[in-house]
Amino acid sequence: MPIVSITRIVRFNAAHRVYNPAWDDARNASTFGKCNNPNWHGHNYVLEVTVEGEVDPETGFVVNLADVKRVAERELVDVIDHKNLNLDVPFMTGTIPTTENLVLACWRILAPAVAPARLAKLKLWETENQYVEYTGR
Amino acid sequence: MPIVSITRIVRFNAAHRVYNPAWDDARNASTFGKCNNPNWHGHNYVLEVTVEGEVDPETGFVVNLADVKRVAERELVDVIDHKNLNLDVPFMTGTIPTTENLVLACWRILAPAVAPARLAKLKLWETENQYVEYTGR
Amino acid sequence: MPIVSITRIVRFNAAHRVYNPAWDDARNASTFGKCNNPNWHGHNYVLEVTVEGEVDPETGFVVNLADVKRVAERELVDVIDHKNLNLDVPFMTGTIPTTENLVLACWRILAPAVAPARLAKLKLWETENQYVEYTGR
Amino acid sequence: MPIVSITRIVRFNAAHRVYNPAWDDARNASTFGKCNNPNWHGHNYVLEVTVEGEVDPETGFVVNLADVKRVAERELVDVIDHKNLNLDVPFMTGTIPTTENLVLACWRILAPAVAPARLAKLKLWETENQYVEYTGR
Amino acid sequence: MPIVSITRIVRFNAAHRVYNPAWDDARNASTFGKCNNPNWHGHNYVLEVTVEGEVDPETGFVVNLADVKRVAERELVDVIDHKNLNLDVPFMTGTIPTTENLVLACWRILAPAVAPARLAKLKLWETENQYVEYTGR
Amino acid sequence: MPIVSITRIVRFNAAHRVYNPAWDDARNASTFGKCNNPNWHGHNYVLEVTVEGEVDPETGFVVNLADVKRVAERELVDVIDHKNLNLDVPFMTGTIPTTENLVLACWRILAPAVAPARLAKLKLWETENQYVEYTGR
């Protein structure tokens, strides 16, 4: 049976500050540059959620994408959207809110939540010029 | 010799209705929701056709992409564009016209048609928020 | 007081057939071409709804755009999305469902519905290569 | 002599909170909803800067767009990018940082700064689904 | 009768060099910068062609957009696409090929060619960050 | 430790002519069509540079993307942008400037230049309808 992947895109916007609290200001400034602004800055994030599997002959679906959307909105968008990644998002507490760490946190939440669908890839855009991808490796 | 993939994007728009004729109306409605509308609805589809291979030192091409475009237009766009996937497209007859089934049908047609180029991936967008991918697995 | 315009984008997809029932098949075919397909075709429509006015010093808003979005979704998206423009949409009955006629119908519905906000412009995309605009002239 | 307009797009991202400090929490919450989050949220803003005038026959330019870009970056992007609109941006102090108020502030700064080029329009996107426009009226 | 505008987008790519042959190299370099490269550079141009008029009650069209597309392709795209604006395009001979001058030349050609449709606006993108607009003023 | 990939997008525009100097004109014309125009044509290229690795727990970064951007701009954009691929770009000398050959040349330059970051993929868009990808295979 052929394996098809299917992707739903969700969006949220949030504030964050990228810095390591164990470092002094000079090291934070030289490492993180503008992203270290103490009063925060923010982004419109775009998250592509990809699941994969065989196509069910009764529905023509790998999975009902409406379910994937509902799970992604309940578990991620409702928690992150219009929030501060450093202060307001429980699953990011104690984590430097880079795009890399955010995509890993999203994976840990979504992978079990979309089961039995199999999460195959997350692609997270921070700006229209940069994105990260994670496939569970 | 390095292996490069090269992609051409083609577009078509079509009407469809997603339902299983073996089911009653209630089950179709609960499974397919708005996509089950009896009078059809439609989309602007975007199909990314990826072939791969070694680069020919005489042309600098993996394949002449104009040929891939011509094949994709003749075999797919001319058959699907401004048509009804359930009623007008011979290669979808008897198939629930989900994006998953449509991408598999496109693969079965394109893989031999682009030979000797090797079809590597199809990515089919149904809306700007969802797409499927198939790599022949 | 300065006049600012503010725009909210909404999306819907629908099937339609462009033809004049008063004409014979040959004239419909020569005038409307592929858009005249008897079994319908469809599009992902994108509608930009622009209202304008003075900025309220208490809110910093011309109008609460959440209200514009709610009205546009209730009056237009819920009625058109995943529907057939010829058969399912009451406000298009008896009208050739071109993009021009659709934008005029949307204006007639939205202009009173967004009041007291002043509808300034509608821009309706049928495909990523064509759109119509109407400003109430 | 014909009048042509020419537009340069610049981008910045910033955090903000939309609220009226003269109001109590309940009124702020009911008016501004998610945008009132006390710990901020943020956006990737896109600003289209349009100037207009006659085409200089010696250069073929209305204005050297590199100059417009340099001015917009110095006066706006360098001040706003990776900053907090409420706390870090002098020209927004005491202003509710809605998109409407931000575009008016950008106009007040850019109109004299691009002279003798004539500022004709600013279009400011807050998300890919909403934008404001101002033409100096 | 309401006036609606309708737009068709066409695309072409071309090489050019922006310089004034009456000037010496130093003045060309300081005015035109990188665009003055003697061995040319190039762009993917996007042209939005807008016509306007009343909606014909028999067709629901302002104009058959397929006709506008055909005219724009015959008069502009076939002449410019994959060409050198300075050397290969007759209607640009003796003109500095800035985006401003190119949009004016396109207007002079299209305005009579789309008649009796009334050309209302041309918007020409040179890169995704800059564009010019002309409305016949 | 999980492996994340991270991508930075850079842009440049350039002129080129696709032809094989060892062939006669007729064979060049029939193979390369419009791309063989002797007076050049050009494109706005978009290059997605993807590196991958483990996430550093001290920074939350796979790599500081600002460094990747700086390297890509210094090694590629500054050399190609507003230039002629056939005449002005040393690393393309003697190579047919197809998108395939250009992406391979970019890989040879970037792979060592981004070290110790591991270059994982390059995706190069020539127009919005076609792109090539290379992963070092």
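First chain written, first letter: the chains are A, B, C, D, E and F, and each begins at residue 1.
One rule holds in what follows: a residue touches a chain if its C-beta (ideal position, glycine included) is under 8 Å from a C-beta of that chain, and two chains touch if they have at least 3 such contacts.
Note that the structure is predicted; figures quoted are calculated from it, not measured.
Shared contact partners of chain D and chain E are C.
Comparing the centres of all chains, each the average of its CA atoms, the largest separation from chain F belongs to C.
When every chain is reduced to the mean of its CA atoms, the largest separation from chain A belongs to E.
Interface equivalence for D-E, evaluated over E-F, C-E or B-C, points to C-E, where over half of the contact pairs coincide by residue number. Interface residue usage between chain E and chain F, two copies of one sequence, is largely shared: over half of the residue numbers at the contact are used by both copies. Centroids built from CA atoms put chain D at 28 Å from chain A. Once the centre of each chain is set as its mean CA position, chain A and chain E turn out to be 41 Å apart. Averaged C-alpha coordinates give centres for chain A and chain C that are 33 Å from one another.
For chain D, residues touching at least two other chains, in rising order: 128.
All chain pairs that touch, listed by label, are A-B, A-D, A-F, B-C, B-F, C-D, C-E, D-E, E-F. Those residues of chain E lying in contact with chain D across their complex are 18, 20, 22, 31-33, 95-101, 103-104, 128-134, 136-137. Residue ranges on chain C touching chain B, taken from their complex, read 11, 13-16, 34-35, 37, 39-44, 81-84, 87-88, 127-128. Of all residues in chain B, only 2-9, 50, 55, 58-62, 64-66 touch chain F in the complex they form.
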